[in-house]
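Labels for the chains are A, B, C and D, by order of writing; each one numbers its residues from 1.
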């Protein structure tokens, strides 16, 4: 039983991060209409940003975090205005390929600058396990869960309650009509990209103590993120969190009860099954056929 | 109030508007009628800033040149467009749709609140459905929401693009009653309609647009009585026994 | 001018053919010859992806898997079972199609993006199989000593001879693709890309024709894989990582989505270019990514669009002002009908 | 003879009854119209007949066969063609290719002979193209044969959609609001065109808001309101039916 709980906690904490990555996919999918294949690379950028701020520049974590987030926001913004904004009215195919191009660009740019070798990153919240009621709990895991959930909650409050959040949803649903309301559509698109970059980057920062910081981190985490997003239903914000958590828990049980080599294929297996049996995901809208 | 002089619009090599002149005076209902493809919607889009105009075109609103303003800025000046096909936000609730209409009035919270009440008084059916998302409304209700949303910006000039499309005659009548009422309350209206008969019957003045040119301009009554207009745009009275 | 256009129209195909046939003599050394061969193989692969993505609108982000399946199939039956290389080529296509059939059964009803993701997952899983099924695939070490084909006793091992084999396959694939597009089947594919609801209303069995496109595309991809295996005489998982799928996608985009000459040029240029840019090191991959984005933004029709434009000018099919005349006609008709 | 018939057909989306318990039948060789207020379920009824939606109740019969469970494309093969409310052309394809696609059910060349340009393919292509040209001439579209469908003017696109639907000479043609967006002059041409199509042996069913079109050409009219059929009959009966006037036509005040 303990082992079960242990794996569950482990899975949830990892899944909260997957959810954080997944929600970035969802935000951009809703506003932009295609999967952003570069979203995973924003996770990698986040990991490198905190590496630069904390390890290379020696800033204390409390300062390094905001600095790193800012870097992610800036990069997200630059990517948006240079690669995505010019394609705002292009068809899905062109936009999809542009996101693939951006991914290749970012990954290799980082590799040129930092090399292909992994960098270790010190634990932020401590790796010393704490015994609670017979369960060994790593503080980092708890923090990951809390921060992951907290951010997603904040985001949904922002989107549901604030005028700017509502105008972002309006922009996502009908850009031209939004302009007729006086909404600054370009700014809103930028904000969407900046927020999803920041969320992806945040996940990257929380992940960096667990994994090594490496240019291919984005590919790995991106896959988990969009598997989570699709599992939750690609259009649903809360769905992406549920999808991410489910995936994290499945992986954790897969690794615990079978072997860690199973873990690697779980996200793709889940992806396959979801696509075939549940294309709308757990909470997503069923794609209605417009005739 | 609004003055279009020599407005040209091109869509990918095709010239849609060939230098049109239109004037709307404060307090009027002005209508533009014409066949499909004549350039009616294009005219409204050109005014609202959604599409760009060719050099030498001039659009003035309250003596200010708004020819090259972007759509967001045109709304700020006091021109709202209820677009063709309604274009409400499908996943926002009725209330949220209306809030978006008042997006630019951030400082006037009290006024927005009152206008919301006023709009609900005008469209009681929207109030019944205020928590429903836009896409669950019927066609007529969506059209009401589109007009209500445009009104929430408290425009000086309200532009309506084909409010009757796809609606049953009874609902069309309701919608036009509301347009008249809005106008009585002090909002100037520029109306584009395919249903020329009903449009001309409420309009003070009308323009006839053909192939991107204004070919006629007169009072609503005169146009309605004009033989050429009758022949071309009014058609015959609705139902009558089959002619064999 | 008219006579020039006429001469051009008649002679263009022969000039092109002459150029292709003499290409090995233009290329300075064996190394670049091998690169040229690879370029043509990638041209075949890009063309086959174009059948799927460009014509049918089914984006595959894991397309390299079918290329890999073809390469392994041929390498395995030839080295392990000792079958003829020619049988290997054919089987490569067949087995690759077989896998696409199995993958297609559940995924053919998925729409655009979902299909792309499914193929991505398939590509990743295929790679894992190449890597881990050591008894058959040789794991990370791969399969060495894949033989070159022989043609009536002539070994096609030298790159200059293998060149002609690839050229023949390329020409066949081009002709088959062109004929396909101008047929009932090809139009059904285009219809699915344009508007699947309307396609259904025309009586097009959408999943079936998606499947046909998938089978044809993966057959060609499998053959291309086998051509690759017997060219470099060594097959290992590293050639079939998912990043390579992105490379093929890039070739198609740079060449021009839905364009036959574009696909060939895209495959060829993007294989050759990195070799010439080798001195740049890893930066070339950065440029690669940026170039994809730039082409998508500034030249959505890619190199193929450019080629078709030049071709149109030279053959006199593009005339100035044609477009305008037509629109006037349209408006006129509309106004007076 | 009844060629097309729905029996007690209905469909629910969530809790909403879009169409319920509709009996609708079409005589071979007739022109039938479905009218009703917006949101009454007319297009939904079309989609049930064409097979885009599966009904939650009732059945559809075509040529005396129960086709309720058939897919859309299978119904097209049986001779059921349609146009769409919002034009649904293949915009990037040429006018020729669009209409050739209308012949999909009448051609049968397989992919292999297509790729190899075998004689059967070449013959089929030739014949198809000839038939397409005839249809384009009938609808005055022959000048535009090589244009992209999406570049045509609105009215021409509507014509093209009809060309695409009738080139295969279907048994029944479903027209969803063919007159929307046309001006009065075009309406006359359209009405005549529909009659000509019927006279060539194609049964026509149309949804239309423009009463003058409906009243002048229809043999039979069915009226829907809130998803239910409230009346059917010939135009004279419909015009004098008080329930219909109340629900839809409104009282003429002038």
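FYI, a residue touches a chain if its C-beta (ideal position, glycine included) is under 8 Å from a C-beta of that chain, and two chains touch if they have at least 3 such contacts.
Please read these numbers as outputs of a predicted model, since none were measured by experiment.
Set side by side, C-D and A-B show the greater C-beta contact count at C-D. The most distant chain from chain B, with centres taken as the mean of CA atoms, is C.
Remark: chain C and chain D have CA centroids separated by 40 Å (rounded to whole angstrom). In this assembly, the C-alpha centroid of chain A lies 43 Å from the C-alpha centroid of chain B. One finds 51 Å separating the Cα centroids of chain B and chain C. A straight line joining the Cα centres of chain B and chain D is 31 Å long. Residues of chain C found to touch two or more other chains are 197, 327, 331, 334. Contacts with at least two other chains are made by residues 289, 291 of chain A. With touch defined as above, residues shared between interfaces to two or more other chains in chain D number as follows: 52, 84, 153-155, 185-186. Interface residues of chain D facing chain C in the complex, by the touch rule stated above, are 50, 52, 71-73, 76-77, 81-82, 84, 88-93, 97, 100-102, 104-105, 107-111, 114-117, 121, 124-125, 128, 140, 143-144, 147, 151-156, 164, 168, 185-186, 189.
On the chain C side of its complex with chain D, the touching residues are 176-177, 179-180, 182-188, 190-191, 194-195, 197-206, 212, 216, 326-327, 329-331, 333-334, 337.
Partner chain B is touched in their complex by these residues of chain A: 163, 166-167, 169-170, 173-174, 176-185.
Chain B makes touch with chain A in their complex at residues 48, 50, 70-72, 75-76, 80-81, 83, 87-92, 96, 99-101, 103-104, 106, 149-150, 153. By the touch criterion stated above, chain A contacts chain C in their complex at residues 34-35, 37, 82-83, 86-87, 90, 92-94, 96-98, 100-109, 111-112, 219, 223, 226, 230, 264-265, 268, 271-272, 275-276, 279, 287, 289-291.
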